[in-house]
Structures are given as C-alpha cells and as structure tokens.
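Structures incoming, each one as structure tokens.
Each of the next two complexes has subunit A plus one more chain, namely subunit B in the first and subunit C in the second.
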Partner chain A sequence: MLRKGLFKKPSNELEAGGEHGEPAPEAPDRLVVRCSSCKKMIFDEDFRSNQMVCPNCGKHMRLSGRRRILTVADPGSFQETNSDLCSTDFLSFPEYTEKLDAAQRHSGEAEGVVTGLMVVNGCPCMVFAMDHRFMMGSMGSVIGEKITRCFEEAQQNKLPVVGFTVSGGARMQEGLTSLMQMAKTSGAVKRFSDAGGLYICVLTDPTSGGVTASFAMEADILISEPGALIAFAGPRVIEQTIHKKLPAGFQRAEFLQEKGFLDLVVPRKKLRGTLYRLLSLHRREDGGYGRI
Partner chain B sequence: MFSKILIANRGEIAVRIMRTCKEMGVRTVGIFSEADRNALHVFMADESYCVGGPAVTDSYLNMTAILTVALETGATAIHPGYGLLSENAKFARMCESCGIKFIGPAASVIEQMGDKESARRLMRQAGVPVAEGCDLLADGAMAEAEAGRIGCPVLIKARSGGGGRGIRRVDNPCDAPAAFESARTEAEAAFGDGECYMERLMLHAHHIEVQLLCDEHGQVITLGERECSVQRKNQKLLEESPSPALDDKTRAAMYDCAAKAAEAVGYTGVGTVEFLYTDDGGFCFMEMNTRLQVEHPVTEMVTGVDLVKWQIRVAAGLPLDFTGRDLTPKGHAIECRINAENPALGFRPSAGKISLLYVPGGPWVRFDTALFQDYVIPPYYDSMIGKLIVQAHTREEAVRKMRSALGELVIEGVDHNIELHLSILSDPMFLSGCYHTDFLTCMLEGKETLC
Partner chain C sequence: MDAFEKVLAARDTNRPTGLSFLNAIVSDFVEFHGDRRFGDDPAVVGGVGRLGDLPITVICTEKGSDTKDRVSRNFGSAHPEGYRKALRLMKQAEKFRRPVLTLVDTAGAFCGLEAEERGQGLAIAENLMELMTLRTPVIAVVTGEGGSGGALALAVANQVWMLENAAYSVITPEGCASILWKDAQRRDEAAAFLGLTAEKLLELGLIDEVISEEDGDFDLVKEHLKFQLTTAFKILSALSDEELTRQRYEKFRTMGVNRIC
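Here is the complex of A and B:
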C-alpha cells in the first residue's frame, strides 16, 4: 500500500505570469445552510428556489407569513389589510414591551399575522398568514382581532378565506384576553360559515395550543404540509405527563390525516395548484362563490 | 499564476493534472471518497481531504463539501477534470461567487452548450453546418409532420439530454408521436426538462472531433482532430489522430468551423467540437464539450502541447504562445482505453485487487493510469483504469507499436479489454482507416459493416 510522503516534492518554483490566482478565496455570506433534518449542507440558493424545502430529504422549513402568501398568490395581487394594528402592554406584564420590540425587529412585521386580499390563479380570496418569527405566532388580542376582521371582510365581500396557521398557542403576556380570542375568532368563523362562506385552513409546522383549539381546526377543508406538528399540548408535555414514550409520527400531519383530522397533506410545491383547484370548484360561472 | 489548485476528480485524470501542477510549481489539493482512501491521487497531492461516502453524489459531486475544502485550504482555482462536475454550470457559478477560478469556460458558456437545442441554433447562426432537423417540438403531431419533412430515420433528442438518455430513433413518421412522448417523459424524469427537438440520424458516419484551445484575449487555435468512431453504446474505446478518413480540404473546413464555433460563444480554455462526417465529404456539428476530454493525450502526442498546462495558464489569464490558428500535428497517435470489464460476459465491470501490474515502456509509449501493484479497484466508479497511448511517424507504425505495447501491458487480478483492443487493431476494416460508429457493434456480432 502507498503511504504518506512516499513521493518526493519537486523543487519547482511557481511559474510566473497570469492575472488571476490571488487573493485568497472567500465565501459570500450564507453560501450554504445545513438542513436541520438530514444535516446535509445545501446551497442557500437551492433552498430558496425550492420554497425552503430541503432538496435532499424534503423537510419543509418554516416560512414567514408574508412569504407564504407570496408563494401561492398571483404576482402583485396581495393587498394587505389592517396592517396598522399593533399589540400594547395593557397588563404591564414584565418585559412584554421589550419582547414585542424584539419580535418586531426580528420579523419586520407589526404583529404575528398578516391579513389581506389575494388572488390565486384568478380566484380572489381573503387570506391570513401567521408568522413564527413573531413570538412563535402566539395569539394575542391583535391577532384575534385581525383574524376576526378578515372573516368579517370576507363575509361582506362574499369571498372565501384561506388561512395559514403557525402558533405556539395563546400569548400568556395578555392573560385572559388572549384566551378570549379563541371564542372571538370561533364566533367569527361560525358567522362566516352560517353565511355560506368557504374557509380553507393550511396548518403549518407547528400549530398548537389555543389556535389548534379554535379557528385552525374549524375550517371546511383542512390541509397541512408534510411532517407538520399539529397539537393542542405538545408531545413533550404529554410524555412528561403520562410517563410513556409516544409512537413515531405522533401529532404529525400524516398521522392526523390517517386518523381523520385532516383532509389533505400537500407538499409546498403543489399547494398553489391545490388551493386553486379547491377555490375554483366553489366558484360560480359569474365569478362569485356559491354557498356551501 | 495560481499557487494552489484543488483537483475535483479521481483516478488517472486527477493524477494527470497533479503531474502538470507539480511541473508548474503549483501546490495541489486532492479530494477523495471513503472508498478511495488508498487511491494514488490521494498520495500524489500535497494535501488530501475526504469529502464523503463512496457514491459520487456524496463525494465527487458534493459541491458544498468540495467548495468548503477549497475555501479552507486557500485553493485559488479548481480543476474539475472530465465528467463529474466538469460541465456543471452551477458549480462553475458557485466557484466564481467564492472568488475561486473554475478551470474551464464561463458558466454561461457551459449552460449554452449544455442545452443541445440552443447550441444547435447558435452554431447554425455562426455558419457551422448542423444536421437537418427542427427546433423544439410542440406536440406529437408536429413530431410526425417534421419526421415526414426531414425524412426518416430521425432522432428525437432531449435538449438537456446526455449519456444516451432522452433519445429515440424514429424509422417511420407515424411512430414519431409515441417516440416523442416517451423521450419527453424520460427526459422530464431524468433531467427535469422534457423539451425535445429532432434531427436526421446519420448512419455510417464518423465521429470526428476538433481540439480547441482559446485564451481570454480572443485567440483561438485548433490542435488537429481525433477520430473516435470505435465506440460501444456511445462510449469511445479507441481514438486516433489524425483521422485516416479525412482529406486535407475537409480537414481545413472542419478546423474552420470549430474555430467559428468557439468564437461564436466566446470560448476560453480547452474544448472540443464534435462532428459527424459522412464518406461523401459532408459533416455537421454534433455538440461541443466544454472540458478536457478523456482522449486529450492523443492530441498531446501529435502536437507536443501539454493541454492541461495551457488550460491552467489561460485560466490564469496568460495569452497563448503560438503563431497561426491551426497547429499542424506531426505523425500519428493512437489511444486505447483500458477498461476493467469482461467483453466475453457482456462487458460486465470487474473490481478487485491488482495482483500483478507491468506497464509497457519504450519511446513514444505512454500509459496514463492511477493503478499500482496491489491496488484494490473499488466497485463504485467508472470502469476505465488506464489509457495506453503511442505515437509514431505513420498510422501503420503506430498500429504496430500499439500492438506490441498492448502485449507488454500486464494487468492481473481483474478482467480487462486488452484482447479486444488487439482484435480491433487486426481488423481489416479498422486497418483500412475507413470505419464508422457502428464498426465495433458489427465487429462483435461478426457482421460486415458498410464502407
């Protein structure tokens, strides 16, 4: 077998000439990222062009609310509503103001949900999309208010609602007011539903707590992304309570679909097509939507 | 000049490139897979790093790992060799974004030539003859109409195709719609792009290619041609230069077209333009290879030019040091690709330990390989284990020299195709100098080929 140092290094000097070659190479910022699931290094550009889905293992990374809307809406069709609503620290909860500031800086959003009007392949609808970067989409009074208004505007304009949920649950810094949002949003969904409106909800990773227990699970059609965690209490809490190991895939989208809690598990690449198909099925020839 | 180059390849080509680098005083960085830990190129390089598992997708095609090694070792250029990442426009672009010189043409040129249909259009505009055909096919009906217009047999080809995939032969226009659908489906699955075009199938043609060398200052030179018609399943087996089938007038016209092709795309570095040549004197553009070819030593032997050295020099921005556009080759050279496979068993690949190796020597005999005594050939990679090249004054002398060199080459422990090469070198059709791309298939089946 060969061994290190077997071949002598020649004493040739470096050839002269040529413009290229120096200085030392340097990687641009964020050239590669590591997939949190398969641990493979992936070019950032590949990740982005694949809508933040790992090209190697298919892991669906989280997307900001605004980006989610852009991946399904027709270019330039999104018109934001109620963008001026912001949370305030009405209970003087310790450090809440600082947390809100940090969340606003981190996400670039005023609140944890973006609402508005969008068009999917020619089908208009109201949309709300929660943002995990804003205190993990925790539901406070402003989120509840924006989502309620979204349903009310949809009812007024006879449009369907498409929602994207991501949430850790209620915003504890707002105490009981935050819990009340469950009833408030559920009431809005009920009134919208009674008026014959179509509501499609896309539950993304993770959707849990009070959001799961209210508007997220109240849609006419429930869709999720592969591998998304959808729960009321998370798996760690359950394991610690019952002192038992949970089965593999517990509370994941595929598991919930098998048990009848979800209608569809749709990969991100096919989501726009699926939404278009569902919306167009409920659309009348004159462009309006029928009662369901 | 680059002070350190990473060689993103394995086997004989990695060793070949490292030899030139050492001559030029350039330090080398080798990469290897877990299966190649004991390979020659690992010890030949000044420093070597493992980049992943045995499968090429995990190691030699692992762009992020290779770029990381280049950045960490401070390599200012990457030589991709042939195959693997050598014609990967994305990798070329990534190197560029890290300030590392990709030794090859610009990413945009690789992209243009990788799209076979755009290359065809570009060549036609540049005045290079292309096989009669049509642009992208819209549907089956158009395929049928075009097949009727062009005249069968025709080939339906995927524009992103390669390695023989996404190609269908059509002998009757009524079969065209089905062939189009099947080519499109295969190409869509293999390359993610199902677009196809059509061109006339040229039977009994020679595969002749012209070697190019272009600098960044606009100088283009041609370094003779190579006759590569001894092929099996589109894989070349034996190459020679010059082609015994060409007359001087056609040869000059072919050089002219190759230079035009290079100028049309603003080519830099070494490259090859492949043509199909028929015995009536006509030829047409087939494709352009934007890399160093396996068979480049044939050209080196007849021109005396170290192609790898000049490839590195022009990548460093140096101007070419040759007068005139066409370099006149001297004598005749032949290359036999030695593959670890058994021709008697349907060319079944063979892997294992080399129990005895003897390499032929003597004047104008060259053996490019990464083999050594007791080396264990891993089963994961290409079966080519060496290239035997000879050069002599005439074709006849070169054939004689090759026969004796092949007789002297001893490789024990794995199956190989040395006997097959000896049969080719004694075949009257081969010796006549007029053989076509179907030569080997017919020889193996014991059939006469058309001359």
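Here is the complex of A and C:
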C-alpha cells in the first residue's frame, strides 16, 4: 500500500519534516518509497538497509537524531543524558504548545536534540544529535541548554564531543531567549576548546540560521554529508533579498568545502570509520584526548 | 507605543544612526579600516577614541545618513568582513586592555550570495566565541534595530543596554508573520508576541538597562548615555580579567534555564 502523501512535495525544504527521510515512529509500514532526488521507486527495505541513502543515486535522506547516533555508536554503548528537559511556552506564543505536542508525537522525542555518551569502536565520547522531525531542529532554550551541558559534561569527564546538526534556525516562539542560546552554546564551546577539548561536528541537511552561526561552525573538525545544505541565510531568503536565482549547488556541502569552510564531505557509510580514525588520532595512550 | 510602533521607531530613517551616537559620545575618534582578510565593510565602523578621559575601542553598525551613504553602507547590514573587522578591533582592544563599546543598529547580517560564500555563519560564530572570553570590559548598546544574529555578533557583553524604543529580535515581525501565518501583514501581532521591546527584554532578564529617550531629545539621550557609560566602564575596569569573563559567561549561561521544565 502506498503511503498517503507519498507524491506530495514539501513546499519548502527547510520546513519539510518526515515527508522524506525517516518516517515517524507511528507511521504505518511502507513498502516502497520514491527517492526525492532521482524520483525512482525504491523498496523501503533497501533504503533502510542502506542507512537511508538512495541505492540508485546516492541521495542522503534525513535521519533522526537517535538514528544518527545508532549508526556510529558501538551497539548498546549509548547512554542518554538530560533526556527529561522540556520546553515551556513562556511567551504565550500562539500555537506553540500545540506545536510542541505535535512535534513530540511526531518524533517520539521530548525535544529537538538527543545528548549522551557513546563509544565509537572503543573510543568513548559525548554526543549530541539534533532531530529534523522536531520543529525542524529549531533552537530554543532546551536545545541550547542540552548542548551547553553536553560540552560541560565532556570537559568534566575529559571526553571529546561529536555533534550532528540539523536546523532551520532559532525558535522564534521563544523570542530573543532563543537567540541568546547562540551566545550560551558558543560560550560553552569556547570554554571547552580553551581547555583543549576536541570537538568534531557533522553538519547534516539542512543546517542553517542561528545554529550555523554558532556551535555548528565552531568545531575543530567540520564534516558534512554529500549534498547537505549548509547556510546562514537559507536559499529562499537570499533569493528574496537579491532578486536573483542562485546557482546550482550553492550552499551545498561540496560548495562549502571548495570555499574552504568544511574539512570533509563523508558519505554516511564511511562516517563511523572516519569518526573512529579522527578520535583515535587524538587519543593518548592513557585513554585521554588531546590536552584534556 | 505598542511593540510594532517601536519597531517602526527603531527603523525610522530620521532616528540618529550609529555614527551620530559615536561622534557624540566619543572624542578624538580615529577610524580603523579593514579585516586584514578580505576587505573593509562600511556597514561596520570601528576605531579608537576617548570616552571622557578613558581611551576606548568603539564599534558601531552604520546605516548611513543619506540615500547615497545608505547604499554604500548596505543599509547597515554587514558582510562577514564587517564582523571580522569588529573582531580584529576587539582583539586589539584586549591586547591593550582597552574597554570595548559597541553601538548596535542593524536590520541583521546581510543575506546575500557573497556574504554566504565568504562564511557569514562562521564570522558570527567566531565573534560569539571570542567575545565571550575577551579579557577587557565590553558594553553593548542597542540604539535602534537589534536584528538577530547580526546584532548578537556585536552584543555578547558584560552589560547590554537598549534605548527605550529600540527593538531587539530573533526575527523581523514580518518574517515571523510570513512563516507562521503566511501573511506578513500580521506583523504587528507578531511583534507583540516576540517580546522585542526594551521593557519586555529587561523583564525577561536578557538585557541589563533601558535608556530613556527623553521624549525624542536625542542630544540629551547622548549626554546621558555618555555619563552612564563612563560610570559603568569605571566599575567594570576595576574587575580582573577572570571576573569580567566569568560575569559575562554566567550572565548568558543562565539565559533560558528557567524556561525549561
């Protein structure tokens, strides 16, 4: 049976939730899916066994935060931290409570980032992974707080941080408090970095706005996946500002690498191996990392 | 004035711009140019001068005084090189332990092709990190528009002040209304919900001081601002580097914490 809305294209890439990529946990099993890039019908099973990368064209579909962690962590090694933090509608912003409820139901997560401790091929590290299914990974107080704590806990436990970002930007329903999360997380990254901690960030499709302009870009090593959109201002905003069509490939991972803003573009299949190599290259004989 | 009326007041082209405040507050000003990386962004003006007897580094965004000037300054919306110039001058101030004053009035960081190509996101991110640990006193004053990340990149400070009718927001009310309700006309509603006025932000604990606009007598506002800044820098300058950076970090560290359950 074909899933309802299968052929419906999201009107805006940054607003697209689970329409393409991983289905919501309560979504019915689907037999075939259409690749949003090459438009070919693919057996869902083939998609899943290939880590949600199209076996035909190599398009990397979005993954939930939790799935991201599971694709790189040693089995059973992930221990979640601060899982109980939830957002509040402190500005009494229209429909915010309803949107939070819907996002929780849709994603099965309490908020838009999962944090914790994981082990990658024997190398322990702290991890945070944002979730596009939760209001497109928009950063509010909880995301800011969980990411800040992730760096603080990494510093206390003398561990590196591996991050996965996906975000449409700041969460406007929290007003200026959401903007301040950029300063707060940047402060935490800076303290961790000054202490000698290693931070590797994987920027996934799409990473934009306030997240790009704070902790996403602040890592020692910047990695992305093929074709990922990485921007400060999204393509639509730029086109509206300059009244011109943007060239193909603009703000994609390969473009950023060419311009000197990314270290590596790594296909999903090779990410675990790359992370392991980088972590182990920073690991001392006594098990510590870098200077911490 | 309601929230959206304040947004309009903050955007009013008759409102004194960054340089007008700078020239009134700082004497012996010497402007420094360029980011030493790419170019010189006229949307950001920076240099050294005196606040009373005290040598300071001062950085402002400048929207321009007439149409030609406005165009050349890109209406006060900076490119990455503007933020990088600001960072260079902040690091220079740190070296000489000169206090830093920033005057913020920008619709936001520029959203253009070249700005993206040259790393707008990274430029802002680097300023946020470096400002957080800058070992010298920093005061930021939002004099007009505080446009999102482009404003914050100059406003991670020991003290953040706002003029009475300034508007500091994560997104423009038009942008917010058009995303939420697909209707930019509902911008006044959006402005009210965003809580972007000085009064509301003081109540939320996101800024430290509201500066009265003295019923539009900006000469008086500038005079008061100069006096208050002199006093505040005197107090901050007595703190050690560690106390300054800790106070700044802890201030931002708590933001949003009591909004979580």
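What we mean here is this: the second predicted complex is superposed on the first by the 262 of 292 C-alpha atoms of A that agree within 3 Å, B and C clash if a C-alpha of one lies under 4 Å from a C-alpha of the other, contacts with A are read in each partner's own complex, and residues count from 1 in each chain.
Everything below uses one rule, namely that a contact is a pair of C-beta atoms (placed from the backbone, for glycine too) under 8 Å apart; a residue touches a chain by one contact, two chains touch by 3 or more.
Keep in mind that this is a model prediction, so the values were computed, not measured.
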Partner chain in contact with A:42 - subunit B first, subunit C second, else both or neither: first
Partner chain(s) touched by A:231 [first = subunit B, second = subunit C, both, neither]: second
Touched partner set for A:177, first subunit B, second subunit C, both or neither: second
Per-residue touch tally on subunit A - higher for subunit B or for subunit C: C
Partner chain(s) touched by A:31 [first = subunit B, second = subunit C, both, neither]: first
Partner chain(s) touched by A:75 [first = subunit B, second = subunit C, both, neither]: neither
First (subunit B), second (subunit C), both or neither touched by A:90: second
Touched partner set for A:145, first subunit B, second subunit C, both or neither: second
Subunit B and subunit C footprints on subunit A, overlapping residues: none
Contact set on subunit B toward subunit A in their complex: 1-3, 22-26, 38, 40, 42-44, 46, 63-65, 67-68, 70-71, 74-77, 94, 97-101, 313, 315-318, 372, 374
Residue numbers on subunit C that touch subunit A, as the complex places them: 109-113, 115-122, 124-126, 128-130, 132-133, 148-149, 152-153, 156, 168-171, 176, 179-180, 193-196, 201, 204, 206, 249, 252-253, 255-257, 259-261
Subunit B contact footprint on subunit A (complex, rising order): 1-4, 6-7, 9-10, 12-28, 31-32, 41-43
Sites on subunit A touched by subunit C in the complex: 85-88, 90-95, 140-142, 144-145, 148, 170, 172, 174-184, 186-191, 193-194, 209-210, 212-218, 230-233, 237-238, 241-242, 244, 246, 250-251, 259, 261
